[in-house]
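Residue numbering begins at 1 within each chain, and the chains themselves are lettered A, B, C and D in the order written.
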Amino acid sequence: MAIDQVEMSTNPFDDDKLHEECGVFGLYGHPDSAAHVALGLHALQHRGQEAAGIVSFDGTHFHSHRSLGSVGDHFSEANVIGQLKGRSAIGHVRYSTSGETVLRNVQPLFADLAGGGLAIAHNGNITNATQLRRQLEKRGSIFQSTMDTEVIVHLIATCSRQDFVEKFIDALHHILGAYSLVIQTHEGLIGARDPHGVRPLVLGELDGSYILCSETCALDIIGAKFVRDIDPGEVVVIDEDGLRSLRPFRTSVQKRFCVFEYIYFSRPDSVVEGINVYESRKKIGAELAKEYGVDADLVVPVPDSGVPGAIGYAEYANLPFDLGIIRNHYVGRTFIEPMDSIRHLGVRLKHNANRAALAGKRVVLVDDSIVRGTTSTKIVELVRAAGAKEVHMRIASPPTSHSCFYGVDTPERSQLLAYQMDTQAMGEYIGVDSLAFISIDGMYRAMGFVGRDNDSPQMCDACFTGDYPIALTDHLDGEESAQLSLLDEASEK
Amino acid sequence: MAIDQVEMSTNPFDDDKLHEECGVFGLYGHPDSAAHVALGLHALQHRGQEAAGIVSFDGTHFHSHRSLGSVGDHFSEANVIGQLKGRSAIGHVRYSTSGETVLRNVQPLFADLAGGGLAIAHNGNITNATQLRRQLEKRGSIFQSTMDTEVIVHLIATCSRQDFVEKFIDALHHILGAYSLVIQTHEGLIGARDPHGVRPLVLGELDGSYILCSETCALDIIGAKFVRDIDPGEVVVIDEDGLRSLRPFRTSVQKRFCVFEYIYFSRPDSVVEGINVYESRKKIGAELAKEYGVDADLVVPVPDSGVPGAIGYAEYANLPFDLGIIRNHYVGRTFIEPMDSIRHLGVRLKHNANRAALAGKRVVLVDDSIVRGTTSTKIVELVRAAGAKEVHMRIASPPTSHSCFYGVDTPERSQLLAYQMDTQAMGEYIGVDSLAFISIDGMYRAMGFVGRDNDSPQMCDACFTGDYPIALTDHLDGEESAQLSLLDEASEK
Amino acid sequence: MAIDQVEMSTNPFDDDKLHEECGVFGLYGHPDSAAHVALGLHALQHRGQEAAGIVSFDGTHFHSHRSLGSVGDHFSEANVIGQLKGRSAIGHVRYSTSGETVLRNVQPLFADLAGGGLAIAHNGNITNATQLRRQLEKRGSIFQSTMDTEVIVHLIATCSRQDFVEKFIDALHHILGAYSLVIQTHEGLIGARDPHGVRPLVLGELDGSYILCSETCALDIIGAKFVRDIDPGEVVVIDEDGLRSLRPFRTSVQKRFCVFEYIYFSRPDSVVEGINVYESRKKIGAELAKEYGVDADLVVPVPDSGVPGAIGYAEYANLPFDLGIIRNHYVGRTFIEPMDSIRHLGVRLKHNANRAALAGKRVVLVDDSIVRGTTSTKIVELVRAAGAKEVHMRIASPPTSHSCFYGVDTPERSQLLAYQMDTQAMGEYIGVDSLAFISIDGMYRAMGFVGRDNDSPQMCDACFTGDYPIALTDHLDGEESAQLSLLDEASEK
Amino acid sequence: MAIDQVEMSTNPFDDDKLHEECGVFGLYGHPDSAAHVALGLHALQHRGQEAAGIVSFDGTHFHSHRSLGSVGDHFSEANVIGQLKGRSAIGHVRYSTSGETVLRNVQPLFADLAGGGLAIAHNGNITNATQLRRQLEKRGSIFQSTMDTEVIVHLIATCSRQDFVEKFIDALHHILGAYSLVIQTHEGLIGARDPHGVRPLVLGELDGSYILCSETCALDIIGAKFVRDIDPGEVVVIDEDGLRSLRPFRTSVQKRFCVFEYIYFSRPDSVVEGINVYESRKKIGAELAKEYGVDADLVVPVPDSGVPGAIGYAEYANLPFDLGIIRNHYVGRTFIEPMDSIRHLGVRLKHNANRAALAGKRVVLVDDSIVRGTTSTKIVELVRAAGAKEVHMRIASPPTSHSCFYGVDTPERSQLLAYQMDTQAMGEYIGVDSLAFISIDGMYRAMGFVGRDNDSPQMCDACFTGDYPIALTDHLDGEESAQLSLLDEASEK
């Protein structure tokens, strides 16, 4: 633990936001595969900036480059990309939700199996990983990381079947949880999505080459065509014979796509499961205005994630939309945290009030969600200090009252403001004149439903409802994670 | 030259934007001076991300840290700030307009004069620096950098007067050009602004300590109070006796503040020379709509700089405002440039069309300016590829037809699209259905004037009009810069 | 492969010398365990400079730091040592003989087993590692390195016994080869030496704490007391109950300590298996003079390894001893190799002739061994160019005619000069007036024997005789190593 | 000061040895000039390992690379050398004797003068540099370093003569002290040696190209031919017209070459002023045996510098010569200094006793000099702990009783053991049975003289006699150095 903590201090994130853990991208059969994967990962950077990795395969050897930090910082140099040879490559960007962020926990994870090499990139979270790990370790398997993903690799390695795809499908039948996987073998690319389809995975095509990636914006950046979403429970095998689709799971399982992908994670220009993210956010804003309208002078977004909701709100409410808060995008490393003397300056590093726009006004502040409430409190303070006469906060999601165990980095439930108090108390806590969250049904309406089907919910909304579609085996076990080794990899210079 | 080119590859900028060269920040008499300067520079990061530096003075010694890259990357660690001891410090962020970006050209520039140490941070450009440098070199002065700023230091060093402030004012009488200077001596802080007041410099106050900096947003970040703008031609001396204001220049000189600070450079939340930047941009947008309205379905900004203009346009034109183009803020280093195979992908690294918002629509695209036209061409391509039915581009500044010699990094005049062709040809070149720029008078109206006073222009608008208020000595000389040494500083590990 | 090659360019070694692969050092029960291990490794640096690593255990957690390069470069900083907490630690220095030198191949190797963590440091070579690896991989074990040592870890992990020491001894019964092992578990330290005792391992004691290390010079550096050599086939377990000695192998196995430890590997000040290395080398020099005296003016060593032999020779022959060749110890990285234009300068980087001592003289040149003959050829050239009248080379070991498979990095047999030609041809090849090697019996005499006991050789002298005491399973297999993955670990910044 | 102290922690030296400050190397007219300069500097590495630099000139531009650390570490890569283009280059290795070791104090020093660029490499010390600096600063010159060498550059810059060589000679007439200089201009190379010829400078030739360097061993490494020593007071100008020799000083000045070059600084294989260094050291050893013979069993050198003296002693005394102390050449960085817990281990990091050779013996220990006495004390302790019956120390130089001001890094006089006490007390202090230093006359005899000519000493022996041949202007001034700025250059990554 000790050693790498020194090297782990990069966290350029809002600590009061939920964090998506990962983005994945794979490309099969293209002469510049690694360069395209790097670009795809760059487009998926919002899904994880803690670490990035690419593994390519050149027909004989695998080539890997993984590092802590952003894609632009570590995969922008021609000599790095040039060494990732081959016509096939997969990549991964990560915000850690499982395992510490040290190099050995950076994906794609590579393993040298008896049948050949294997690289795997995973978005999601396996909910019985600890249980499986214990069983595998008892049998003699040695884990090199603390990532849940590694159990898949060991399940494949210890499977007695002959065919790789069979081994893989066998492994999938052992694991529970949310996963979108892209795997590189010496034969080709494999993609898979868990039976509920919690996390996204789309299929694209560029000059005859297939692509598997988390969001459509990663197709756009390289000019690739969107083909279709991979279905929940589908396994696709891409090799020199083209693409085969397998459906190894019973089809009766209900689709439960993560609604938070719309609320916050996905990029606004992505089309996710057929719905444009930007549009869905604007519609939530409009629903909010319909449900919780208020007499005001202008609508101000908390940038950047609050912008589409605020536009939708302003349009519906016929109020002016204005940038009353300016965000500084030059973040650098953790920056200020070690400097005691200026800790109190807090949120101003990233946000500043645009006083001229706010002074004397009744302001509707639109944000995407409230997690712990710390950022909101500081934002409201800023806005009031800039002279706003009234501050009405409208949140483009229902209250976040439950933790996610399917790949989103939520704090423990006890730290969620919506778990600690009701909406009115929350409004007082963050200091606004009024606070409202969109209703569950309103959110579903914005997605094009008539409301939530409580018998058979259309999406995974566990963070708002506590209705968890997949068993939380490890968590029911009474302990969150086994006493894994805390050994850290050393730095290499 | 050779060596440092290897290390110079950081240019995370639009190459089709004009670049502001610098931001300055000085603080006198505060126990955490360096930490506050670092924060101030962070708020000014938009004025220059190529390099940053801080020099502090602890009563006995000067301490300096300068590095290529951003403030957040290099001044965020407690141990760096901790070594910059003292109750007084100045800092600088830079986008190079004079001299190559190697460490020895990073400011603050320090010199050890007979009368004591001196550190200087400069925003602007000295237009007779080459001429002065030649004279000083003939006399035996040895320059350590290729920055124009260094002539000021040598003029001070070789001045026969006794008092430091007198030496400094004597030096100012030799130089021509645009400058806002912050100087740290062993006695205190000095600030100065050129007689035309081309570049901004404001005075702030925090807990009884004085601050001199480029923009008010740098005061906001540390919770400091805005006191006033430093006047054109004013010199302020801040030391243990407080603040003295000197006016060493004839007051008949006309104020000519750079209008581009409103158009693009300054942060929207700054108040510059009494005008809120965001408001001025919105008003330009409204003037544009008034002057060049068009039948359309929605108004889309080119993010981020086109946003306020687009909001103003949409409001005036009563059209929906929508994020039809999404910007990826994770830039990293130059990234893709070395990869030949993907060079054609170009602008998509930073921008992506939000297809759902654009398809089938008649779009008004609002941007702040057109320089070479390359970015605009690619943006229009993106928007058309996303299915826009019509694309009308509206530019929130007049055509940029002349180079700036006062501290803005403009390409040579011959590369400016507005120098090469008229507006209609430009529209065809970038592929829009219509193109319009705000008129000169419209721009002045948005700033609160009735129009441009052609006899006595209220601002420096040379880039639009060619009306240069300050002599361009070096450039009239027939050569842009002397045959300066191309020696590079070595790297230090 | 590609990526790490970039980072692998450190090879500050004579390519014409045999290389010892490793040194190991473990300390149990000392408050400054990691600092002492770092010092011990520093004293063992001659046994491997490519990489170094330390793993400590603090009673709860393991802490690891491994890096490419020397101990002094990477373990000299207080903050690194400070993070390697705990009263127990083991370390390793490495010159690779098995597996590429990338970080994942740097020892100590750590694994997180079901029964607890395990770190292992190994000196030697396992001769059936490839065979075992294939078996383990078929069973589902996933290897993280390409080191032979890792099979031991997997054998332990998959063993069905309960007690860790029993598992370990079980593993030892599967492996063949030469090994001196130091293992850190959560219970204590374990040391083991292969049944033939090919590689050295000694027991020391400091302030009541036990030490296990490769040579006595590593005890001297920290002021520790030498206790005894670990016996061939002995396993020692050191924990809070003290030290237990186990003898799990049949005692009938013959001891065969590596004679090359005396010839070249061990440090002259070490006492190895009861014999002082420096003395043994001097005695070989004296035997050489006795066997192959020659009329000459002076005796000159090839520094540094030829010095003791030359002193012994000169003393016996009653000839002056002189430093006729000067060695430059400032080596740095590979240095010159990439510069084509100066490749021909070759050996002069490290050695220069001391012309004044050599000119006009009949010189006896003493070196420890001849491997490929390239260095000797260049040295002789140097000496002749400096004006030596005659050059007689005397080698303090028999002709190296066979490869080592027990942990010494010998080239393939076909590259050994002594395999290609007889002594006279070798002399002509390297350009000397006469060449002689000590006889096998002479070498044994210098070690205190009456000669080699051909029925039951007293030491492992396979490199001179081809008499391999341990089965070479992997090599009989017909292939040197399996097609292991060539994936490299990425760099971490 | 603060910042760079962090980066300055490399001091892989005996702190109880005198340190030579510098080595210089220049080559004119060779296609691989920089590569050859790098090799030459590598051969001169013993003259300074704190920093190294090379400046090349390609006919148009100067190229510079300077860095802290060794030549092998920073100039071994093809891409660094490849960027140092041109047929002419100079280089410098440095152990700081004047100015802190920060990058701006690393030579060659470059300046961009009115008449063209100038790079300078200096071995020696200017004894009126502070006085000259004050005068130049008053006149307006701005210094960029704290090196004495920089005054030469400013003297050249401010000289009113036209011709560069005349300016340079004019500058030489202002400076006092010891200097061997190599200068690169756009016209060619210039070499100069002070009128007393205190520091060495030799002329070599390779393939028709001239070389100027500190020692002949730097010629040997590249296969260059030694031509002659540059004479005291000589200036040589090397350009496309060949080599011109100028003698700008009165020839009546007495030659006073530094005797310590023989005692310790120069490499044993160099021929300095006509005398082979190794031979001179052996002869001193023999003189020592003659002057201070003692009944003993063996002669042991303190490695490495005591070796030739010990060989000479043993030969004369007819005693066995043995390596009773083993030196570890793997030093790395400062290593152990920050670790409090092991500070007491002290000298063993570098030296270990070879117990087998010493136990029970009466030992003559030969070292080159005693400065503070700390190393000697520890060495004697080691030897006694290894069981030596008697320890007789013989020093191959007279007592070092005075500081050097001509380029050798001696401690203040008060710290010199020979200043504090007489020889007998010194012997007691370091714990030997007897201690003797060679006599002044004995030393001169070993150099081939009949003894010291006290009226007109043949060499500079001020450190032994206090007879300083050159005025110590700055030191007579009453202060060692002016209150120079303590600003440090920042690091560049």
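The working rule: a residue touches a chain if its C-beta (ideal position, glycine included) is under 8 Å from a C-beta of that chain, and two chains touch if they have at least 3 such contacts.
Every value quoted in this text rests on a predicted model; they were computed, and no experiment measured them.
Identification of common neighbours of subunit C and subunit D yields an empty set.
Of all chains, the one whose Cα centroid sits at the greatest distance from that of subunit C is B.
With centres defined as mean CA coordinates, subunit D is found 49 Å away from subunit B. Chain centres here are Cα averages; for subunit A and subunit D they lie 61 Å apart. If each chain is reduced to the centroid of its CA atoms, subunit A and subunit B end up 36 Å from each other.
Subunit B has no residue in contact with two or more other chains. Under the contact rule stated at the top, the pairs of chains that touch are A-B, A-C, B-D, C-D. Remark: subunit A residues 1-3, 6-7, 53, 55, 61-69, 74, 79-80, 83-85, 103, 106, 110-114, 117, 134, 137-144, 153-154, 157-159, 484-493 touch subunit C in the complex. Looking at the complex, you find that subunit B touches subunit A at residues 31-32, 35-36, 39, 42-43, 45-46, 49, 70-73, 76-78, 81, 217, 220-223, 267-269, 271, 276, 278-279, 304, 307-308, 311, 315, 320-323, 326, 328-336, 338-339, 341-342, 345, 348-349, 352-357.
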